[in-house]
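What follows is subunit A paired twice: with subunit B in the first complex and subunit C in the second.
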Partner chain A sequence: MATAVAARGRPVAAATDRARGRGWSALTFAGILLLLLAVWEGVKFLGGVPWRTPGAVPGDPVLWNPPFRWPFANDLNLPHVWNIVLAFTQPFQRGAEATLAEYLLGAALYTWREAAIGFMLGGFLGLALATVFVHSRLLERALVPYVIASQTVPIIALAPLIAFVMGQSVLTVVLIATYLTFFPVTIAMIRGLRSFDPRAMELMRSYAASRWQIYRKLRLPASLPYLFTALRISATASIVGAIIGEDAGGIQAGLGRVITTFNQYYITGPEKLWAAIIAAALLGIAFFLVIRAIEIAVLRGQPGAEGG
Partner chain B sequence: MKTRQAMALVASALFAVTACTPAASQRPSASAAASDAASEAPSGSGDTSGSPAASGSAAAGGGEAASVRLQLQWAPQAQFAGYFAAQEQGYYEAENLTVDILEGGPTVVPQQVGSAQGGPEFTISWVPKVLEAREAGSDLVNIAQVFQRSGTLSVAWKDSGIDDPCDFEGKKVGVWDFGNEFEVTAAASLNCGLVAGEDYEKVTQPFDMTLLLSRQIDVAEAMIYNEYAQVLEATNPETGELYKAEDLNVINYNDQRTAMLQDAIFARKSWLGEGNNRDVAVRFVRASLKGWIYCRDNPDDCVEYTTAAGSQLGPGHQRWMMNEVNPLIWPSPLGVGVVDPVQWVQTVRVAKQAGVIKADPSFDAYDPTIAVEALAGMTDMDAIGADFERGTVEVTPGGN
Partner chain C sequence: MASQVEAPVVRLSDVEKVFTRGDEAATTALEAIDLDIRRGEFVSLIGPSGCGKSTLLRVIGDLIQPTRGEVVVNGKPASQARRERDYGMVFQAPVLMDWRTVQDNVRLPLEILGRPTAQRTARAREMLELVELGDFLEHYPYQLSGGMQQRVAIARALSFEPAILLMDEPFGALDEMTRERMNSEVLRIWERTGTTIVFVTHSIPEAVFLSSRVVVMSPRPGRITRVVEIDLPRPRNEDSRETPRYFQLVTEVREALRMRGDRPADDEAIGDVPSVDRTMAEGAVG
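Now for the complex of A and B:
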């Protein structure tokens, strides 16, 4: 409580500090992005292939002829940034009403649903395992090595196996997302559920509190910062799991299949694969931010909540 | 603390609701998606109610109602157009069958999925891959040989001077993995005495053509209906124009006599032996072959069905694929779906020499009686296609 009172003592200064901090980080982010784009196009300016107008058709004039020819910088390996942007705004295939951006948004939402269900299942599974482990040294010693071993099996080896057993369905995808999600939660919560103040434990014991009461009123609240740190890692992992799982699960919607297809047909439209990769990255960031927002709302005012 | 907990609860509840609700209503299968999309297609060709098939030849069908699954080899594309057509034209329905079309993908091994007890009743795969699986214990039987010819090519740039497998000597030769490479390596060894790893460098090529385009390999394996078209749909970065057929040398393995039988319909022998499943198989094969006949006569419709089935590739690419798949099927001198014994023997010979299989497959590896019985119920249709002529299709940039 003491920290909370202290924080309330100078709310205005803290708020402006935070706002200024956010402004700077946004600026830095934009600056780094611009720098990356400049390097990208700079390389193409020096060693790419002749520059043409965006979406050029054969016969259009050459705008700039780079002095060198570096194979990695040609339009096949490294398409122009503006052509990737243009690809977002064009129909994803001829005759289609949806633009590539709309198409990718739909695919991303589909993948997100699979990932989110896997994320929730994995979160609960991770929490349940950790709860068991902190209450039983024997089970912890016996089972944690298996939990760790489970994560060293490459998911691309495991995914077809899960699909083989579960059949080709969304369930397969959800399970793979779950599989990648529960681990960080288990490991972090084994620690988190033990991170209470020992004096508080002594107090609870002196009141003859039950295990459940201790868990509910002491262990769980103390572990929340650990939980959310783990959930943020799990959020991005669940997206990866869903994307990989879609191929194994034979799911036709979703980013996984889109990436596979655009990859297989890369030479006929390199921009499309780059656009899909950007969409996958944005989805991961968005899910991460959602969890972060929930974290800030839940932990507001708690000590240590500002970090991370 | 109480309000915070309430907020967390509300947040997670909202989260759960948004995540779960729409997922439950997602399309359960490719077939449902196909019919959804087809009913929205502008031309209205998805309307099966008025089609002659649903009413006309329904007499051939009948039989007990059955629900079956078909495992494709890959994502929806015109390589499987005949099955989409059978669905959309109501041929399966007329045979009293409900067919769920399952799509494949890079990690889906159809002959493995189809061999499992309780797996899909019907599987599309290539003959040598299934022969290999049979030696490992699978009981898949070839019940209809749809593709009579192989679609495998090797493609090289004209300036490489490679226009025969004998020219592979000292070159980097791209081939696919997973049993797709045998026609190429067998042609080099049987026809030219060239051994992979000694006389030429065998490079495992991903399922795309980037290595050829960036000239990291001298020659690449390509399907005539897919990757070969991709090269023609790609823009030459240097000129800004599409690559042309004149830029390329093409080796066709049908000419090399190392071609192996490709797309066929397989079913488990154990499944065929249960109840009236053999009759279900006859009806399924009949409806599927009708679908392929429909695609021979109406390729444009079939391109549309394929696009509607959820193909992520443009209709231009599917049109090319349809146009190249038809000549692999037609003409079918013995009737569509019937195995050509000469091609079967050649497939087995090449598979053995390439080390795919150790021994000759047993006689029950293919069962021509199912396809023959299926054809007997459709004598009103041209199942041979003796006067089939290949159409012409214009290449579209990016396959759009």
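Now for the complex of A and C:
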């Protein structure tokens, strides 16, 4: 919003409302997580294999014998939550010194670096494209269909292609993350850079402001709520891109490779794959929250800046 | 107030504006507008909604181009006047930038004009003192009331000392009491700065209280039907609103507005009368 209208909530009241809102969403999140775990273990309670203590070996005493035997609920397909948690504290492979948690943290940080570079490149690319499009209807009409079409190409098909051109390197992974990042930013910023108050534009024209000045002092600041909404989506998308891209890019150190490996050796340790999936999810959430924190800091003091 | 020999600040000759939107029927928003505005004058445009007041203001400010006719401002075409930053604009809504403090909002035009930083700060302060908001420099717009926001908008418009202030129903959204206070404030500012003001309103008391001349317009097509010279003595204050002359003038403007509304069929006949009126009025005052 580019116009200050009267009758806005008092800033202090708005701030406490916001804090309360955040507290509620954290509670809701925890509630849903607990529900999910309850359903998970509930299914195993009804139709899993006999329950034993965490980390038990065959022959240990049975704690609970479920009335049914559903194949999908056995310990291979659906390991116990506590066994997954326990797996984090165990060596990530036989004889290894590092625990699975340490191993996954290292892999996640590696993947995050790839994703973050792709995210920044994609963010700038998206901003640049949107900037061109809002200044030229002709280019917008000519090129936006291609931007949209680009996203209909499945990443699974595109990844090997990029790897073929760029070679097996981190660059491939970064480009895939870029590819997934630039799209939401482009689309959101085409709207955002036009979201200024038209009367503010008249004002700028009455000052005989240059295009650059209008861009810097009106279009861009007015678009920031749109930009951050897109960046939050892009943050998680870039992580997904990096994880998928590591396979095609032949990267050994990241989460993508870890997931592939644990998938191959699933039978010997199903908890490890689940742990790796949880690590990937946490990485996405962490990146999302970092962007959200930056957004709150940047848009501080701006009413109506609370995006969804 | 203004000398007779001096060239007008704004000269509109035979201005016409026709809006055409796609293949819809065209709207003649302005027709045959002739008007001279002298330096330091306070001219109000009054008329019913849709009679082209805003359009006329935008034509003067070079925000839209007339279909026909000529707009000369300070002896040059309106487009050149705009490029030379002769205009300050104030709209009905304050149109402040949410992300800037009060002070930074007032600084905005000075940044665009490339004035030195020290001057920006000094000017912004000075202007905010003028509108009595000196204590709110670091506030954000949403922390201010509607009347205060509008005062920021006025300070912003005055900050770069434009030759002409164009105000489009600046107090239209305010309650009656705030509006009257703002009226006095604008008069005070006008007297202190000597800026030429073109002021759109649909409030008769406001127009009479503020103006040197009230330009009465009628709709479809937008024309000037009369120009009423407001000879209330200056400086004016709240007491001016209670003098017999004030009431006479309010009545005169009201009748000028009504004259048109009662006889919508007589377009041509009435269209001609006012231009005669205007000529006489201008001749009489000088």
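Keep this in mind: the second predicted complex is superposed on the first by the 283 of 308 C-alpha atoms of A that agree within 3 Å, B and C clash if a C-alpha of one lies under 4 Å from a C-alpha of the other, contacts with A are read in each partner's own complex, and residues count from 1 in each chain.
Basically, contacts are C-beta pairs under 8 Å (C-beta built on N, C-alpha and C of every residue); 3 or more make two chains touch, one makes a residue touch a chain.
Since the model is a prediction, treat every value here as computed from it, not as a measurement.
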First (subunit B), second (subunit C), both or neither touched by A:Val144: neither
Touching partner for A:Gln213 - first (subunit B), second (subunit C), both, neither: second
Which of subunit B and subunit C A:Ile277 touches, first, second, both or neither: neither
Residue contacts on subunit A - larger count, subunit B or subunit C: B
Touched partner set for A:Met204, first subunit B, second subunit C, both or neither: second
Contacts of A:Asn263 with subunit B and subunit C, given as first, second, both or neither: first
Intersection of subunit A interface sets (partners subunit B, subunit C): 221, 299
Footprint of subunit A on subunit C - complex, ascending: 58, 61, 63, 82-85, 87-89, 91, 93-99, 108-109, 111-113, 140-146, 149, 160, 166, 173
Subunit B partner contacts - residues on subunit A that touch it in the complex: 49-50, 52, 56-60, 62, 71, 74-77, 92-95, 109-110, 112-114, 116-117, 120, 156, 159-160, 163-164, 168, 170, 221, 247-248, 250, 252-253, 257-258, 260-269, 290, 294, 297-300
Residues of subunit B defined as touching subunit A within the complex: 1, 4, 7-8, 11-12, 15-16, 18-20, 22-23, 26-27, 30, 33, 75-76, 102-109, 112-113, 116, 207-210, 213-214, 230-231, 233-235, 237-242, 307, 310, 312-317, 396-400
In the complex with subunit C, residue positions of subunit A that touch it: 1-8, 11, 197, 199-200, 202-209, 213, 217-218, 221, 224, 299, 301-304
